[in-house]
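Shared between the two complexes below is chain A, which pairs with chain B and chain C, respectively.
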Partner chain A sequence: MEAIDLIFWILALVTCGSAVVVALSPKLIHSVFALFFALLGVAGLYAALGADFLAAAQVIVYIGGILVLLIFGVMLTNRIGQSHLPNELTHGVSGSILAALVLVAVLRFAGAWRDSGDPAWARTYRSDEVSQLAKTERIPAVKNTTMTLGVHLLTTYVVPFEVASVVLLVAMIGAASIARKEVD
Partner chain B sequence: MPTLAPSLTNCLMISAIMFACGLFCVLARRNPVSILMGVELMLNAANLNLVAFSSFVHPRSYHLGHCFAIFVIVLAASEAAVFLALLLSLYQQLQRTDVDAIQSLKG
Partner chain C sequence: MQPVTASVGAPDLKDRLDVLLTYLPSFLSSHGEIVSAVFLLIVALAVLLGVSVYVCLAVWLERKISADMQDRLGPMRVGWHGVVQMLVDPVKLALKEDLCPGAADRPFFMLAPFVVLAASFATFAVMPFSAAFILADLDIGVLYVASVGAGVLVGLVMAGWASNNKWALFSAIRTIAMLVSYEIPVGLSIVTVVMMVGSLSTQKIVLAQLSDAGMAGWHLFRFPPVFMVSFLVFFIAGLAEVNRTPFDLAEADSELVAGFHTEYSGMRWSFFFLAEYADMLIVSMLGTVLYLGGWAPLTVTRPLTIDFWVFWGMAALLAWYLHWLWTRIYLPRGEYGLIVVQTAILIAIALALLVVPSLAWFLIKSLALIFVMMWLRWTLPRPRIDQLMYLCWKVLIPVAFVNLFVVGVMRLYWR
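Up next is the complex of A and B:
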């Protein structure tokens, strides 16, 4: 077993275990802190898959932004000193049945019970094939995804990029106008 | 059993487990913060799938899956901001955070 395999499986265990804690923890604040480790594990998985820019963006946006917003929401809407912030399960049976059905269906589709380690419908490349591909097709090796991503975001995907910026602006204005106190 | 090395199936299995946990959060909880955490888990699972397909199916070509994942992150961020604003507004009006409490259209 190589080092990258070991790192990958540690990250996978951290991510899946934290996701289970998020789903099943009886206290809300424990769920939020487990979500921190789940998001960190996903960032590590991005890095292990070669997506360096996305790993950094995941840490900055999710952990630096969304998780802080979540903790902010928990602290503002609960009386911290009085309660222990319970997070009751109201539809546990039906929810777990539906989630288990979806899990089994997706695992079946992903080829979890096949011996080859790849789903039947996808043509994947292994590392030796990738180096062979680089020799035959002369595609340059991409060490750093940031430059490629930036070029594509501002040329090929410039329209979605601009639409996303408008969506962010509208969401910011809408959030500010919803959350402000009514002035009579 | 699949091999132990990082492969497409292993990444899909991890994201399937994350997706199921997020779905359970959304379905079984009544706290809006918990529901938002479930949605974020599901979006992360989808993003992980996009990155995995990008790096195993098109290992050398341009990073289409990464571009798509960036847009998903943008939408998740704006959604979280609007969700927090709605949560604060709900708490100001009803003094409780429970999605079952939102029953009237006219405040």
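Up next is the complex of A and C:
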């Protein structure tokens, strides 16, 4: 077992454990704070895979933005402490079957069982293998992901990028106009 | 650890610490990953220890500076002018009882101080203390600082909620409103520098300001009005980000008792203060990296640079002032001897500045900004929450946006 495996298992444990708390906690605020650790774990996984920019963006957008808004919403809700969330299991069998089907579909789509062995994305390479593969250029050397992302966002994907920013702007103006009190 | 060797041109930048930190890791890495990992761990612990020592020092300094500004003496009993106070305070806090209110949300009440402390200490990983002394020279350095700051926010809110105290809850709501708003001007002013340099790496930002002209190479003085405005916006919003007076609405003692740390005691309480002072250091260090040249030294001994004029001009003013003070207050004796002594001291300082390691330059600049923060705290009154929001949304953000636009145009036509 290499260091990266140990890091992966720790991060996976943190992420999945927190996700379980998010789903099962009877108190809403506990779910929200557990979500913090789950999102942090996902960011850690990104960082462990070499996607440093993605990890930082994950923390900024999901923790600094969405999670904080969730907390804000919970805090402004009246008597949130007393409200009890019914976390009973309903439609257990059909729900489990549906979830299993979705998982199978996602794995199939992502290319699992394409060959007899693991798919390329699911393999963990040993460090000597990585240097070997980098020499033969079967995996591109992951270096400076920020620059690559930036260049792609403003050249190849400039239209989706701009469309997304316009959508966000529209959403922001809409939220402001709904929340605004009539002055006159 | 990424040794930066090629870009360090001037010989006086190669101090012994840098040489050690450049060659030791490469030497150790030949002995396997474990050895270099242990070395990195030791360096990281040294940084954390250094920050903790700085916090003790800063608390004492804060008390002395506040006392000075209010014409008091401050701590005087323990040691010379109360210096030993900085060792006694942590001991006192460690011995205090660790209370948890009965109605509090126990697990998160216990956890919150650690989240805050871990998040603020994690930021020091990307601080370039010198050319070679940086724990992780990430490509996303500045972005990393901004993202880790979100952890501090969540920790503070966790403390405020888990205390189950109305003052703490109000404080948590204020913290969110304030930190989320003030992140925008901070981010926008950081982006101006990032646009100019073309990199998010903290080390690359410092290297971009490195020049023989000394201070003239700093971003603050490079394109005069633009980056000065940017620095001002950054510093004001940064003060709000770290909850410092005049923007300490989250722990306004006249309204909210003590805010989110009302219910805390002992070591857990001190963790919040450790984090607050560490956050001050982070904002100061980031300001130093972005605008004040990071670890780049002054070139006061190189004739006719800006540094030369500033240093010797200020030295002349100081000498004149001291001379005036001396002759006014004390008997006018030994005047010429005094001038000789003063000149000798100034020349000694200038010569000493030649051999000051870049780590010390970085710390001197950061601590100077921290002094400004303390100075502001004991000078300015606290605004109301609506004035605070007005300042952010209607003053700082528009100014930051205009500034960003100007830098964008400059970037297009200048470089």
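Everything that follows uses one rule, which is that the second predicted complex is superposed on the first by the 120 of 184 C-alpha atoms of A that agree within 3 Å, B and C clash if a C-alpha of one lies under 4 Å from a C-alpha of the other, contacts with A are read in each partner's own complex, and residues count from 1 in each chain.
Keep in mind that, in the parts below, contacts are C-beta pairs under 8 Å (C-beta built on N, C-alpha and C of every residue); 3 or more make two chains touch, one makes a residue touch a chain.
None of these values were measured; they are calculated from a predicted model.
Visitor: Thinking of the overlay built on chain A, is A:V14 touched by chain B (first), by chain C (second), by both, or by neither?
Guide: Neither chain B nor chain C is touched by A:V14.
Visitor: Just checking: does A:L76 make contact with chain B only, chain C only, both, or neither of them? Give me first, second, both or neither.
Guide: both
Visitor: If we overlay the two complexes on their shared chain A, which of chain B and chain C does A:F53 touch? Say first, second, both or neither.
Guide: So A:F53 meets both chain B and chain C here.
Visitor: Comparing chain B against chain C, which has contacts with more of the residues in chain A?
Guide: B
Visitor: If we overlay the two complexes on their shared chain A, which of chain B and chain C does A:V42 touch? Say first, second, both or neither.
Guide: first
Visitor: Which partner does A:L153 contact after superposing on A: first (chain B), second (chain C), both, neither?
Guide: The answer is first: A:L153 touches chain B but not chain C.
Visitor: Report for A:G64: first if it touches chain B alone, second if chain C alone, otherwise both or neither.
Guide: A:G64: touches chain C, not chain B.
Visitor: For A:G174, using the defined touch cut-off, is the partner it touches chain B, chain C, both, or neither? Pick first, second, both or neither.
Guide: After superposition on chain A, A:G174 lies in contact with chain B alone.
Visitor: Once the structures are superposed on A, label A:F33 by its partner contacts, choosing first (chain B), second (chain C), both or neither.
Guide: second
Visitor: Shared contact residues on chain A, chain B side and chain C side combined as an intersection?
Guide: Common to the two interfaces on chain A: residues 53, 57, 72, 76, 145.
Visitor: Mind listing the chain A positions that touch chain B in their complex?
Guide: 1-2, 4-5, 8-9, 12, 15-16, 19-20, 22-24, 28, 31-32, 35, 38-39, 42, 45-46, 48-51, 53-54, 57-58, 61-62, 65-66, 69-70, 72-74, 76-78, 87-92, 94-96, 98-100, 102-103, 106-107, 110-112, 114-119, 122-125, 130, 133-134, 137, 139, 141-142, 145, 148-149, 152-153, 156-157, 160, 164, 167-168, 170-172, 174-176, 178-179, 181
Visitor: Can you name the residues of chain C that touch chain A in the complex?
Guide: Within the complex, chain C contacts chain A at residues 33, 37, 105, 108, 138-140, 143-144, 146-151, 153-154, 157-158, 161, 164, 169, 172-173, 176, 180, 183, 200.
Visitor: Spell out the residues on chain A that touch chain C in their complex, using ranges where they run on.
Guide: 3, 29-30, 33, 36, 40, 52-53, 56-57, 59-60, 63-64, 67-68, 71-72, 75-76, 81, 144-147
Visitor: Of all residues in chain B, which touch chain A in the complex?
Guide: Against chain A, chain B makes touches at 1-14, 16-25, 27-34, 36-38, 40-41, 44, 47-48, 51-57, 59-64, 66-67, 69-71, 73-89, 91-92, 97.
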